[in-house]
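Both complexes below contain subunit A, partnered by subunit B and then by subunit C.
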Partner chain A sequence: MDIDDILRQVDPVRHSVPPETRDLQGLTRLWVAERSAPELLEWPQDGLIDRVNSRVKAQIEKVEEMTGDMDPKTNFALIVIQTELERYKYLVRSYLRARIAKVDKHALHYLSSQELRRRLSPTEIAYATRHQALLHNHYLSSFLSSFPEKLQNLNDTSGNVSMIDSPDPNTTVFIRLLRDLDVQGMGTDDDIKLPSQNGDIVILRWSSAKPLVDDGDAELV
Partner chain B sequence: MYGDMGNKLVHHAKRTQNLAHLPPYQAEIVRGVTREVRDLKKDVDELLEPFGDSQPTEPHISCTVMVNHLAIRRNKRCLLAYHRTRTDKLEELVWNGSDVVDLSGQQVRDTTGTSNGGAVGGVDATTSSLSPQEEEYVRQYSDLLAAYKGQWTDIDLTGSLEPPRDLFIDVRVLKDAGEIQTEYGAITLTKNSQFYVRQGDVERLITQGYLHKLG
Partner chain C sequence: MALPLPTGLVPSEVSFLSEMELVTVVPRQRLESIDLLSGSTPTLRPPYRSNLPLWLAILLKKQRRANIVPPPWLHPDSLRDVIFHETKVDPHHWAPPPPPPVRADGLGNARRLNSFMDDEVVLSPPFLPSCTSDAPSGSLPYHWFEVAEMLLAHAGDDIPASSEVRSLLRDLQEVRAAKMRMSTAELENGVDSVMPLRGVGAMEVSESRGFVIGVLEGLRKIGTSTEVARREDEANKAADGEDDEGSDEEMGL
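For the complex of A and B:
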């Protein structure tokens, strides 16, 4: 806790964090989490990305407006705004790319069930479906069409081998705890229970970490 | 031997993963593997024909059918793996903004460069390292990507994935790129000159290899 936190407790109105800052923090969190999680995380439902988009647009317009001005003072402000804009754009771009990379890798897996589909944004669903159709068509025209009909599918699960590849839930991740609790982890010989405190960073398997992250008890780093 | 050709494809795929460019499409092997699959299928059908809908009782027949069937599946996996590796590579190229036409052109230069003007008989077959199907795929994928990118016009999805550090960067011009317009006026990019410019203005030219970022 620092001085800002104390001030905020005393006077929550004047020292509350403006929504813009909160959105930026939210976006940064999402971005960090998405990049370190082995599977696709949920698309933010509260319109965060829309808000971010409209803000980027507004800043671009502002930049265009200010460009005409030759005053050195606005010129300096312009550079600051542009730098910030580039960074903001980078965050969004990197976030979207990280998601698309995961969707591409396991497209059939994410399209296979309703529950998993909900994690994607509508545009991502459209992209994944179309991409998968393209791939199937490509395979068909390249070689699959001369195969026996029964073997032309791409989502066969018979013969003990599923053709649908899914992300590995046992990849290791780093998480930072947001409150004191006992972390349950899988070990090679024995499962352990580790009493941990708020702010501790632990490394464990994604399958054990996921419930903690979902409940908001921890965040990915 | 069953599956030998499939194995060859997998080796090709493995090699492709570590190459910067895309090696020519192995149409001959792909055809060979599909032919093998068709033959195997025909064998299975002939073996099973006398039994109609009932299961064969002789162990030697069920065994042959089983082995043939597994070989077919294995071949299918090999073919899928080979094509998937190639399409992944192609998608990467599309994301990086390369052109299919560019790509084929580059292959032509490569082959003429290495053949030393000797045997030119095979040049026609190697003008493009892509199969016609793959070219079609790349075209469609570019469209798809463009459509997806269209939703994020302000962000420029295919832009650099390096976190931006400075707004302005030093660049050296590697190839003449003509004149470009920036908000501070026009600059003419002549070979071997050096400029201090806004990164956003020249990003495209850097990925296309006209400029080199310094520092």
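For the complex of A and C:
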């Protein structure tokens, strides 16, 4: 560390958010978005989950080391570390479980196209494919095999009716704006443009909100 | 394995989220910095104030290791101002949210904490310092209800005039809940595509989410045919317009 680094730390112009806070904010935002969005959102591509997982692992090792010495002073620090660890783990677990719930609900939909598959993590793709195969085999052995062969598919799209159930993109969602901008939305009686400010909460359809959320101009709440 | 909860945060999740809000504490004993997953905590040295997440502040409070400094908006005068605004000044909308936090830089300018100038992650509640002792008074932050409830429950003796604060909070909650219910009554005049809820709180969103979404989804299903007809009309008009333009150009040629 040289003098520039020290100056950078005390200069408020260059104030920056520490990477740990950044990751926690990122994880929290992912979790809230996944809990509120009607469809499965993209798996983070920047390695956030890997980073979080390795940090959790390191922290667990540290707890194991610290449990050894029974110094009353470090004892309290241990309680704090464990409490925080549990909170962090809850966040990760709840995020993954919310995703599994969506994959379970519309498994065939998310496996149907390459573009949708890209939203899943490698483990989720493996899970969804195997689960779907097991389910189909079970249906086949219990009742589908007695049907005529051309009626045995689970992903039939002939006759203008698709058997694949997909989430409704027009579901209503609540978003918070992260900068001042005009919100454009599609509505039943009118499509309007509403000038809004940073921090405002707005209700609109997911199909209108998705571009804003993808660009980082808004987040789901 | 899969999460059995409905879409949208439920109240217990909202309260989990609000426990990440930073609050100001006055330590009563020394505590070295602890390396946490969300960053190291500041070294606590009495009587210097520090900002800590609410869950940690409550833990320290329970062990009588620190006192919590209530945020300025939890003062009875500030709450009375907000109630006055909610009932008299603007009885149809929520009181405006606190202004975006600013930070002074070395050149004497005030900068928004969340400027898009550098590619920093944009902070939003509960990571904005809206419940510390530097927070502005006279407006309610996003997690006002949960933070106030938790502070009253666990650190009631640190809050001046806590019984008065409690009754003011109850008034405020009732006034604002009525507004949330009223917001759907406006839909009788036509369903707008974007509904603003400026200044609403997290718990209020959480508790009425099911109701509001139910109403809007129902209205959308009833209005589907009207909407389709309107869109076709507009598409036709747009197509006609293009034809007209085309003929104009031809005329010009």
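Please note the rule applied: the second predicted complex is superposed on the first by the 207 of 221 C-alpha atoms of A that agree within 3 Å, B and C clash if a C-alpha of one lies under 4 Å from a C-alpha of the other, contacts with A are read in each partner's own complex, and residues count from 1 in each chain.
Following the convention adopted for this analysis, contacts are C-beta pairs under 8 Å (C-beta built on N, C-alpha and C of every residue); 3 or more make two chains touch, one makes a residue touch a chain.
Everything numeric here is computed off the predicted structure, so don't read it as measured data.
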Which partner does A:Thr123 contact after superposing on A: first (subunit B), second (subunit C), both, neither? first
Between subunit B and subunit C, whom does A:Gly199 touch in the aligned arrangement: first, second, both, or neither? second
On subunit A, which partner's contacts cover more residues, subunit B's or subunit C's? C
In the overlaid three-chain picture, which partner chain does A:Thr83 touch, first (subunit B) or second (subunit C), both, or neither? both
What is the contact status of A:Arg97 with respect to subunit B (first) and subunit C (second): first, second, both, or neither? both
Pick one for A:Gly216: touches subunit B only (first), subunit C only (second), both, or neither. second
Check whether A:Val56 is in contact with subunit B, with subunit C, with both or with neither, and answer first, second, both or neither. both
With the two complexes superposed on chain A, say which partner A:Ser146 touches: subunit B (first), subunit C (second), both, or neither. first
Subunit A residues where the subunit B and subunit C footprints coincide 56, 79, 83, 87, 90, 94, 97, 100, 104
Subunit B residues within the subunit A interface of the complex: 30, 33-34, 37-38, 41, 72-73, 76, 79-80, 83-84, 87, 91, 131, 133-134, 136-137, 140-141, 144, 148, 151-152, 154-157, 159-161, 163-164, 166-167, 183, 198-200
Residue positions on subunit A within touch of subunit C in the complex are 11-13, 15-18, 20-22, 24-26, 28-29, 32, 35-38, 55-56, 59, 62, 76-77, 79-81, 83-85, 87-88, 90, 94, 97-98, 100-101, 104, 170-172, 174, 176, 178-179, 183-194, 196-205, 208, 216, 219, 221
Can you check the complex and tell me which residues of subunit A touch subunit B? 53, 56-57, 60, 67, 79, 82-83, 86-87, 89-90, 92-94, 96-97, 100, 104, 123, 126-127, 130-131, 134-135, 137-139, 141-144, 146-148, 151, 154, 159
How about subunit C: which of its residues touch subunit A in the complex? 1-5, 7-9, 13, 16-17, 19-20, 31-32, 34-39, 41, 55-56, 59, 63, 97, 100, 103-107, 111, 114, 116, 118, 120-124, 126-127, 142, 190-200, 202, 205, 209, 212-213, 216-217, 219-220, 223-224, 226-227, 230
